[in-house]
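Shared between the two complexes below is chain A, which has chain B as its partner in the first and chain C in the second.
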Partner chain A sequence: MFFGLFSIYPVLNALYLSFFQKHLLSTAAPRFIGFGNYQYLFQSPTFWNSLTVTGIFTGGTFAMLVGLSLVLALFISSRKRFQRFLQLAFFSPAVVSTVVAAAIWLLIFDPRGIANQLVNTLAGTPGVDRRWLVAPSMLQLATMLVYVWKYVGYFTIIFIAGISSIPRSLVEAARVDGASVWQTFWKVTFPLLKPTTLLVSVVAMIQCLRTFSTQYLFSQAGSPRGPIDVITLNVYHTAVRTFQIGRASALSIILFAIMLFLSWLQFRVARSEEVSYL
Partner chain B sequence: MRRGRSALATAGVWLALGVVLVYILGPLVFMVTASLMPAMEVTRIPYRWIPQSFHWQNFWQAIRGNDGRFFFVRNMVNSLFLATAITLSTVVLSTITGYGLAKFRFRGRKAVMLLIVATMMIPFQVVMIPLYIIATSLGMQNSYAGLVVPFLVNAFGVFLMRQYLLTFPDEILDAARIDGASEVQILWRVVFPSSWPAIATLAILTFRSQWDNLIWPLLIAQSREMQTIPLYITLFAEEKFTDEGAMMATAVLASIPMVLLFFGLSRYFVGGARLFSAQKG
Partner chain C sequence: MKRAAWFLVMLLALGLVATAANPVKITFWTHEDPNRTPLEEEYIRRFQALYPHVTIERVTYPSARIAEVLLTAFAAGKGPDMFNLEVNDAYPYLVMGRVAPLRPEWVGYASVDSILGAYLGGTLDPVYRDGKLYGLPLELTIWSVFVNEKYLREVGLDPDTDYPHTWEQMMEVSEKLVIREGDIIKRRGFDFRYGYYVEWLLAMVEQLGGAFLSPDGQTAVIGDEAWLQVLRYMQQWGPLGKNLGSPTYTPARNLFNYDRNEVTMCLTGFYQIARIRTQNPAFYESGEWMVIPFPVFENAVNDVASHYYGHYYMVNAQSSLETQEWTWRFIAYMLSNPEEYLTRVGLIQPRKDLLASDVYAAQPYGDVFASDMARSSLVQLHVANPEFKQLLDEAVKAVMLQGVTPEAALATLRTKANEVLAEYK
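Presenting the complex of A and B:
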């Protein structure tokens, strides 16, 4: 019952609303406009901008998250000492909330902040402002860095759990047979890790698509909204700032469709490559 | 020769790890140190990682707020109350539902299960707008009810508890029934106490996601009295001439509940991720 009311019904309702023109504050009955909202969206440059921006954010963050957490997990599980310390250290950003994370990084990316200082020290160019929170591509990079920072530990732990379920004897047998570390990874560990990789990539991708807080806080703090106007932020603005409920619903339905499609794609890719190693 | 190369490789690996560690831990250290500095020093070039003197006023400023109306306290209480209430209800309702789904056979059980798994896939952002309309039409705007009700139970919790209770031995339940215990008693005396690991994990996950929740309170809570900590921090960051030190002090204060939970129950924190991978993989 509860699910019916709070989960299934809203989805159907969102779908239903997406065919209507409805203003949040008006008491007039919603007007049925068929695919009007979708038509409007497909013609609106802000929609395409949101789609591109979400794509860039998700692509970049996803690649960094999955790559980095896999490498970290492999490294940590190959260590005998410090395992627990490293796990907890990488996991620690998960303790602060997303908004706090965004607030910390906001100060780090400040023109006078640490990010500029670090880059300038490494590049030997004192006093240059990299415009982290202003220049479009820097701003996108900044939000990605915040997101990777926050979630990399979480996925590392999932990978570590996956790696620890691979029988050690298999890896050792490969090593005894003369395979290099590199070969062992690609031929033994990685294929056996596939279920975990699939899980991580599906979860990570949906996480990335859902991002909201970082972009919201950055844009509220004065960054231009365009380069970080991800779909969720656009939904929020469409619904709350311009009161176009129907249009916002259409947007969220599109987001959902993208998520479903990408998850399905990942499962397909994973299945087509499935090879038995026994 | 070979040994020399591998030593170099090891050094390289450790160096790379060091860089990543700085990336991960640096911002946290920054948060803590900056919270103890006057604003002038937070933005000093180069940044001094060790505060010259402890500027405790930041914390007072954080609690007082820039307008001196102590909304921080009120919002903190709101956040704690909401997260606790939602966590309690999620744990209790998920356990009851999960128990029912795991241990009783009834018509449509499969369908219910399928429904729940399907629901797990739906992100909040998709249902947010209709929920918002429901909440406003029920007059729940700007009220605790509006903030709590959509989250009273979630599909993931039910799924988690059901998976856990599937492995719970039936013999114990039967023994309790023979001893004359009612189903309510069994649930309360047998199932709850012995599901502690799963309950702790679920509780932490729920508490954390509520503590983090920004978008829903953003829609529902209009007045500052009703707002939560994530909103408070956003408002703090929005202000034009915000005091950076005080902002970090706010961040530190806002993190305290999670840090306490983390140190108290870090086993379950990390376990959450593991459990998650175990059941899907």
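Presenting the complex of A and C:
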């Protein structure tokens, strides 16, 4: 009942609205236009740009999140001391609100901020503006870094839980049989981490596709919208700036369909590679 | 004397209609303004004391968020009883029938015409429709240029004579004033008020004979040469040109008051004076700042200042008639103190009696604002203006930050703006 009310109903309502033309402020009844909103979107360069931008952001962030959190989890799990401290340190950004996180990173990426100072110190190029909030590729990278910083700890904790559930006897048996650390990881640990990796992959991908606050705050702070106009930001602009709630609903439904398809694909791929040593 | 008499008549009228009626609760949403809050809370206390059956709840939202908060509330049928919005954002509410007209007797006037006559000509046009008035102005200002004289002198310029009169001079003077460390700007000479393009960017285009909309409102982007000159200017201003400023730097007007050698000139309204006084009394008293008129291009064909920037108090059409009446009475009560809004908050309510008063004449740089207002006008209103603002933002950032040529940015702007217009035809 609870799930139906708060999850299914909004989706069905958005689906219904996506077939109508409605001005958000108008009190007039919505006008049925069939697939008109979808037709408009598929012919709109702004929509295709949003799709591309979402793909770039999701691809880049997803790879960094999954890869980095696995590496960090392996590193932390191998430590005998400071495990709790390291878990807490990496997890803490996850409890910071995305708005606050974006605000902090806006200061870091400001032309006079730490990002330029750090890169210029390392590269020995004083006074160079790396244009973090301006140049399209740097802007995309900047939003990815914010997201990775915020969520890498969260996924690290999930991986640590997955690693700790692998029987130590299997790892020790492999080492006794003469397997190197590298071989032990690839032949024992990684295959047994598949369910955790699947969970992390699905959650991380959905999380990346739903990104909004970082891009919103960056565009509000003066950055050009085009390079970071992910689908969710486009939904916001279509509804709140252009008042086209039907068209915004159609965009949401497309995003929902993409999420559904990619999640299904991941489950499908993972099922075909299931491993068990028991 | 005349004003005092008018005030008494209005209070009497309000008193006569006060009845021991049902309790009325008024929800009032407005944007944050630290100087205005204590004043309006005082008015609320006084009004509630006069009419104990009325309760007013004042809620503030950040300026950048109030438009979307209101929009979602109205879309859900849960809008407040009264609110104020910048005129371009407010206009769709009027066109879509979401706001209620006032009755002149509720606000102490005999007729709508007498209200129109009390205000500066044309200033009520955005809220006047089919013989009815749907709003009263909280403030109407134009944006002029605030200057820190100290930094002009530092680079050998005389603030009295060498201040920029034209946009070309603005660029020259800013090049002298700017301090950089490599590419990174440490002090800006001047910087624009990015985001509010309808007010200043369109004025620049109009100086050169261009316009955003044709007079019949059917075609967007008029006068290519004017647009191209302005877009080229912005391209030169940005980090890919002479690197004098950028939308990604902290807004110049937010830094100006602190006098920390970060910005010399900014574009802002009359209210900035009250904010300097509050945020940095020493700088306010120092006499080291001044206000100069909105510049024009050397080849301008029209001598126009920035467009009016205004906020109007409006009333929710979905509120009960009784609530609408008391809300308008409350608005009239607050707005019957234009001199306090002027002296304590720095807001100009465009009433003829206020603009002719000694109080207005005594305001620092009131004459500069008055002369800029005389060459200013309201922007051509359209229900899609909030969307047009976004398109202008895209065009400016494309040339300033993304390396798009002015020609290409103009072509995109034209295509998108005319597509939007077509949807409203």
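Basically, the second predicted complex is superposed on the first by the 268 of 278 C-alpha atoms of A that agree within 3 Å, B and C clash if a C-alpha of one lies under 4 Å from a C-alpha of the other, contacts with A are read in each partner's own complex, and residues count from 1 in each chain.
Quick note on the criterion: a contact is a pair of C-beta atoms (placed from the backbone, for glycine too) under 8 Å apart; a residue touches a chain by one contact, two chains touch by 3 or more.
Just so we're clear, the structure is a prediction, and the values are computed from it rather than from any experiment.
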**chain A as common anchor, with chain B and chain C clashing or fitting** = clash
**Request:** With the two complexes superposed on chain A, say which partner A:Leu133 touches: chain B (first), chain C (second), both, or neither.
**Result:** second
**Message:** Looking only at chain A, is it chain B or chain C that touches more of its residues?
**Reply:** B
**Message:** If we overlay the two complexes on their shared chain A, which of chain B and chain C does A:Trp105 touch? Say first, second, both or neither.
**Reply:** first
**Asked** Touch check for A:Val240: first (chain B), second (chain C), both, or neither?
**Response** both
**Prompt:** Of the partners chain B and chain C, which touch A:Phe256 in the superposed model: first, second, both, neither?
**Reply:** first
**Asked** With the two structures laid over each other on chain A, which partner does A:Ala161 touch: chain B (first), chain C (second), both, or neither?
**Response** first
**Message:** Is A:Gln220 touching anything from chain B or chain C once the two structures are fitted on A? First, second, both or neither.
**Reply:** both
**Fill in**
Superposed model, chain B vs chain C, clash-positive stretch out of 27-35, 135-143, 189-197 or 243-251 is 135-143
**Request:** Overlap the chain B and chain C contact sets on chain A and report the shared residues.
**Result:** 110, 112, 220-221, 240, 245
**Asked** Can you name the residues of chain C that touch chain A in the complex?
**Response** 64, 68, 71-72, 74-75, 92-93, 96-98, 180-186, 194-195, 239, 246-250, 384, 386-387, 390, 393-394, 397-398, 401-402, 420
**Item:** For the chain B and chain A complex, residues of the former touching the latter
**Value:** 13, 17, 20-21, 23-28, 30-31, 34, 42-47, 93, 115-116, 119, 121-134, 149-150, 152-153, 155, 208, 211-212, 214-215, 218-219, 229-230, 233-234, 236-238, 244, 247-248, 250-251, 254-255, 258-259, 262, 266, 269-270, 273-274, 276-278, 280-281
**Of chain A, residues touching chain C in the complex** = 23-27, 110-112, 116, 126-129, 131, 133-136, 220-227, 237, 240-243, 245
**Item:** Sites on chain A touched by chain B in the complex
**Value:** 2-3, 6-11, 13-14, 17, 68, 72, 75, 86-108, 110, 112-114, 117, 149, 152-154, 157-158, 161-162, 165, 195-196, 199, 203, 206, 209-210, 212-213, 216-217, 220-221, 231-232, 235-236, 239-240, 245, 248-249, 252-253, 255-256, 259-260, 263
